[in-house]
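Read through the structure below, which is laid out as structure tokens, and then see the notes.
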Amino acid sequence: MDFASGEATLALQGLARDFARQEIAPLTDALDQEKDPEKRFPGEVLDKGDALGLRTLSVPESLGGGGAGLLSLSFVAEEIGWGDLGVGVIYAQDWALAIAVSRLWDEAGFAAFAENFVQDHALHLAHVRTAATPAPEDKSPYPSDARQGASIEKDGDGLRLSGGARHVLNGAAAGLFLLESDSANENERRIFLLENRDGSGVEVARYHDPMGMRACPDVDLRFEDAQPGHPLDCAEEKWRDATHALRILPASAAVGCARKSHEHAHDHARERVQGGKPIIEHQTVGYMLCDNLMELDAARRSLQAAAWAAEHGEKAEPWRSFLAKAFATESCERVARRAMEVWGGAGYMTEAPMERLVRDVVAFSHAFGMGHAARSAAMGLL
Amino acid sequence: MMPDLSPEESEMVRRARRIAREDILPIAAARDRNYAPGEAYPWHIADKLDAAGLRTLTVPGKFGGFGARHLVQAMVAEEIAYGDLGVAVSMDQTYKFTQLLTNETTQTQRDLYLDDFMNDPRALLALATTEPQSGTDTFLMYDAPGAGPRMTAKQEGDFYILSGTKHYISNGGLAKYYFIFARTAPEKKMSEGLTCFLVPRDTEGFEIGEAHSKLGRRLLQNGELVLRNCRVPAHNLFGEWNGGLSILKRMVSGALIPVMGPSRLAYDLARAAAQENGAADEQWAQMALTEMYMLIEAARTYLYSAAWHAEKPTDDSKRRLMSKVFASEAGIRVCRTAMEIWGRTGAAWHDARPPPEKCWRDVLSYLHGFGTNEAVKLKAAPLLAPAGVDEW
Amino acid sequence: MMPDLSPEESEMVRRARRIAREDILPIAAARDRNYAPGEAYPWHIADKLDAAGLRTLTVPGKFGGFGARHLVQAMVAEEIAYGDLGVAVSMDQTYKFTQLLTNETTQTQRDLYLDDFMNDPRALLALATTEPQSGTDTFLMYDAPGAGPRMTAKQEGDFYILSGTKHYISNGGLAKYYFIFARTAPEKKMSEGLTCFLVPRDTEGFEIGEAHSKLGRRLLQNGELVLRNCRVPAHNLFGEWNGGLSILKRMVSGALIPVMGPSRLAYDLARAAAQENGAADEQWAQMALTEMYMLIEAARTYLYSAAWHAEKPTDDSKRRLMSKVFASEAGIRVCRTAMEIWGRTGAAWHDARPPPEKCWRDVLSYLHGFGTNEAVKLKAAPLLAPAGVDEW
Amino acid sequence: MDFASGEATLALQGLARDFARQEIAPLTDALDQEKDPEKRFPGEVLDKGDALGLRTLSVPESLGGGGAGLLSLSFVAEEIGWGDLGVGVIYAQDWALAIAVSRLWDEAGFAAFAENFVQDHALHLAHVRTAATPAPEDKSPYPSDARQGASIEKDGDGLRLSGGARHVLNGAAAGLFLLESDSANENERRIFLLENRDGSGVEVARYHDPMGMRACPDVDLRFEDAQPGHPLDCAEEKWRDATHALRILPASAAVGCARKSHEHAHDHARERVQGGKPIIEHQTVGYMLCDNLMELDAARRSLQAAAWAAEHGEKAEPWRSFLAKAFATESCERVARRAMEVWGGAGYMTEAPMERLVRDVVAFSHAFGMGHAARSAAMGLL
């Protein structure tokens, strides 16, 4: 057991850290305050990131990518998430979904996918989950994830997809979806790639306006006679193992976001004087900073352990990535909240960094499987 | 144990409830989302509340108000807060400082201002202590030279000249009358050199600075008060010269926070969503909903109990203080859970319904509103009975 | 909002308080530590409580009891529990089942047993449903064939023959009269085949099995009831034949748990220790003590409110259920924190004082006592108002 | 970064696991129920453990010990703690204090210490902390750690120690103490070894009767003209770095104890049927098991990271072992409590394994620096 990062990981982490500080953070504060959800996409930042090779970091070097493993990627994701959680989530999806395709398709199929992915510098990936049953028209004033759905019908040799999907992260700008059509009947379960371009039958039905993580658009999609690509392996266990990264990497980005709020709190606590001394010297504040350090470290270590296990095919504990995600996410919420408390009333103001960060981590909790969903999935695997 | 309200008191609570649901709730979410901080306060709602007798709720009957006791004040503010917390706080601040205006002013001050306060439907009240360099210091009355407000007041003939800046003032920019605390012996401790002044908004040299954009409670204006050689007439000295701290020491009713208003709304929204989208059939959501109900009932009962005791010999200010801490934590957890029950949309804007995420953002303000929870605990600590004294 | 007790009611609370502090507290810790489970109950204390009228507290006046309402019952039990939780529960169980004995028995049963119950200072009551295979099933009334108690009862001439084993029965082994639930149509669901019997301890074939050693609440006996062809006279059928479940459905006052008794003791012990050993000067201990105070006040107020409503049209059984969940969690946290404030010795026996670790071990029993907290939530869940109904 | 354990660690872990199952657990249940605190010492178990080399595991191989590093020892401690937390704490002190001596003494001094330690098979080590000011007679009915203390006076070339120390874990049977005489005035601070044998001036003043962790005696000591051994380096920073193991290893043992209660809960949840199915299939129970897995893993990872950092002299984060200890301890309490809840009323009975385990982990929280003490120490280091 060795907690030291290898040189390659350190180099990537440093690259990501610099990029987050110099490029991501300065641009995305403005995106957060942009009123129109359609104008929040951080295209400029992503272009710069692509030039650094960030987009295709999880694609093997032999296929033109960065060749980073899941554990290394968790470090990178944390740094990007420090810069902006929305951007972190966009990259986390790029990396995690490329890994998923590599595990669910044969060698040639993945090579073709990778070639296309590496060459198209604006191509991002997104995960879409629908029910296999098409959605009835949703007239309820209440939200229901259960109502989303799309029908898949045979059409000659291929398939045709009609219906919709709700809350797809980065679903507007992503050029390629990994679509998971879920069903109670395992035989009807399908996983395939779906192109998102003019004329492909995929349209944005609605831009949501989330409270945080706003650089990553959250959209509903509508499918009309869309043509799914090659079907991928859709066995339950295979899918679960292929998507560990889809739980781990976004959560690592969230840890970066929470860490940023803690850093701001720590700085503030050293400077702010009340009761005749810097507030960091008051137990009320010092203990909160300690609790933050504990929880940040525990969250990070849990995710790293899950990443390592997934990289090493430790199938004995398939629940690990679900629970590490849930644990990390919930820890991040507590950390960001405490950071806000350290700032007192000032932390509640939009001019304070944590006003946004606390919204970001909470919005994140609602994505990639909420706490109860992660636990429900994991308890079936105990 | 029950509120046991008189019919007149119940009627006031009912009025607040009706306005909250029929007038405030339908407009609150959109204002929260779309309005600039300085423009979000719904004055037309304030007019309605005034017309219903709710602005002057705590004004004693002899001056033409309803003369509500603390319990009724707490219940009315909670009902308004079901519609919007910011609107409720604009009233609640007024309720709290009414006591200063009606009971602790000089006859001259009452002659000058009380009629206007009663007759102007938009006359709200505010109290200003917090400054950029002193928040918790003032709240905890850290009594050392240099600690506390830095705004100064100097006598100049028949005027006091106030200079300095207050910020994060609830109703700052909305209120017509301000109780402003300034140093009158700057080299001394707060207990020896702080004085309060009654300052009407139209006083020369008094300006409203930036209205801060905030995480939540966005319908309420939290304004900066910029006083540049502000000329306050001598007769507007409030209370004793250098006796400001003792006024602050008496001001604790603010602990009766209306945080359960948004919490109840969040619960209602979550329950409806769970029963509609199927989550209510799952144990996790059943546990979550019953916990929400539990926290709301526990917090309301505690708050009401603290309010009920406020007029009794059994009053105990640490009960009021700690009920604030408890209720704020409970409310935050309730609203956060409501978001989870909504699922993905729980963290997003929603057209057809007030979103629970607004409830959550709003109640988070009580982590610091009326003192950070940690500071409130420290304020309550010296009030614990000494060892050996039976506290029960 | 206040208890508003009558002078007679206050007197009962005061008596309980006096006995708890003067008689129970001085002996409780040593019994907890040194006595075997079957011998730890202090019968001489029971005699004192009886002499003070506290055993028959809830017996209606017409039968010679005090006729206490739920609020007084809750307050008295809490006072006794300050001395020891186990002793309090022995009385509290009796309070709860008194209602069955006085109001729901037949005239024959009252003629046979009520005088004896009133006159025997050691006549306690118990109710037995739990068996090794069915705990939460019965609590949640999981109404499927095979679920629930397995003890059987068969009619044989003028007798019912009961066979089977109950366990974890509070007052099991202490009580003189037992309400025992058995299957009278074993192939059917509980709702169709469960019947209650009134069984005096001296009934033929009724034996007390093992008295379990437990983490806490060790002064109370939680006994096994072993019924081997136990011959219960036909006139001791209690309630309707196959109507046992409806009796259980009405039994919810048990939710008014006396958990705040040990919690208050723990707080008093912690406050005294902190003020003596210097911890009270540190912020962490100040925050901890005020939080303890807060949780106690919040929980007591909630419990009392649930008890107060119990006789009113506003009664709501989910308020009672959830106040149990809340108060048990609050009590556990209070007692645990008290241990921390004591420092190293907080987790050890202490000669000169009742140790807070006993308080903590005692109140942990409410994680499962009267239903595990998770089960209580699930029991409350269907009682939430449907969407659209205003619950406030 | 590598989460795989090396072969040597795995071998030690396996050895400890077998020993815990076969020897420790069967013997110590009875010790827990022994009424007389003086009769609870697990001498027989410790003799067997010594024969396996457990006692001197942290002494370098070159000096006759097991040569295990701190990270490996954290694995071993968890297994021993699974067997019994009191035994785990006894070994944790042996290991941690040998490490401390190696860092606070010069090479020759440590070699002499090690030779003695390795040769005397019944020799155990214990940590004693006193105030530099002697204790006034303690008449208060309330406990006060602050009141303990001992005076140290010059006596020719040596020193003489008189006074007392409270709550010394394994203080009766340990033959050698590492005594830390603390003072507000750093110049009066002293650290030295002190022998505990007939005539050495050290006596047990009192056996405490703790609620748990009973196999490890908790005693008050009285010193009368005791003669301290060689003074060790007592600089604050040096001491802190030398004693990371004294926080990490006991906490690892506590994780083992909490893990055991979780395992019992997991087994029970699979077997117990209520509501028509095994209770593990109810979310009420399944989620608790998930939460336990999350917290156990997070606690273990935090401790491992702290152990690794301490082994690699990562001085930049001296707070790490304090906070990892606090985090792990508090996690363990929650885990054990949930385990008890999964068992319902049965878990509260002495015949249930968790009745003892929950007492053990809570008693542990009160040792080796409580939560607030750890935070107070750590916040001074931020």
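Chains here go by letter, A, B, C and D, matching the order in which they are written, and residues are numbered from 1 within each.
Throughout what follows, contacts are C-beta pairs under 8 Å (C-beta built on N, C-alpha and C of every residue); 3 or more make two chains touch, one makes a residue touch a chain.
Remember, predicted model here, so these are calculated numbers, not experimental data.
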| item | value |
| --- | --- |
| Between A-C and C-D, the pair with more C-beta contacts | C-D |
| Centroid comparison with subunit C (C-alpha atoms), farthest chain | A |
| Centroid spacing, where centroids are CA-atom means, of subunit B and subunit C in whole angstrom | 41 |
| Separation of mean Cα positions, subunit D and subunit B [Å, integer] | 50 |
| Shared-contact residues (touching 2 or more other chains) in subunit C | 272, 276, 282-284, 287, 374, 377-378 |
| Where subunit A touches two or more other chains, by residue | 283-284, 287, 372, 375-376 |
| Interface residues, subunit A side, partner subunit D - complex | 1-6, 9, 71, 266, 280-281, 283, 286-287, 289-291, 293-295, 297-299, 301-302, 304-305, 308-309, 312, 319-320, 323-324, 326-327, 372, 374-376, 378-379, 382 |
| Residue ranges of subunit C in contact with subunit D within the complex | 33-34, 130, 134-137, 140, 142, 144, 147, 168, 212-216, 272-273, 276-278, 282, 284-285, 336, 339-340, 342-350, 352-353, 357, 360-361, 364-365, 367-369, 372-375, 377-378 |
| Parts of subunit C lying in touch with subunit A, wherever the complex brings them together | 282-284, 287 |
| Sites on subunit A touched by subunit B in the complex | 35, 140-147, 166-167, 208-212, 218, 274-276, 279, 284-285, 288, 337, 340-341, 344-351, 355, 358-359, 362-363, 365-367, 370-372, 375-376 |
| Contacting residues of subunit C [partner subunit B, same complex] | 1-4, 71, 264, 267-268, 271-272, 275-276, 280, 283, 286-287, 289-291, 293-295, 297-299, 301-302, 304-305, 307-309, 312, 314, 318-319, 322-323, 325-326, 374, 377-378, 380-381, 384-388, 390-392 |
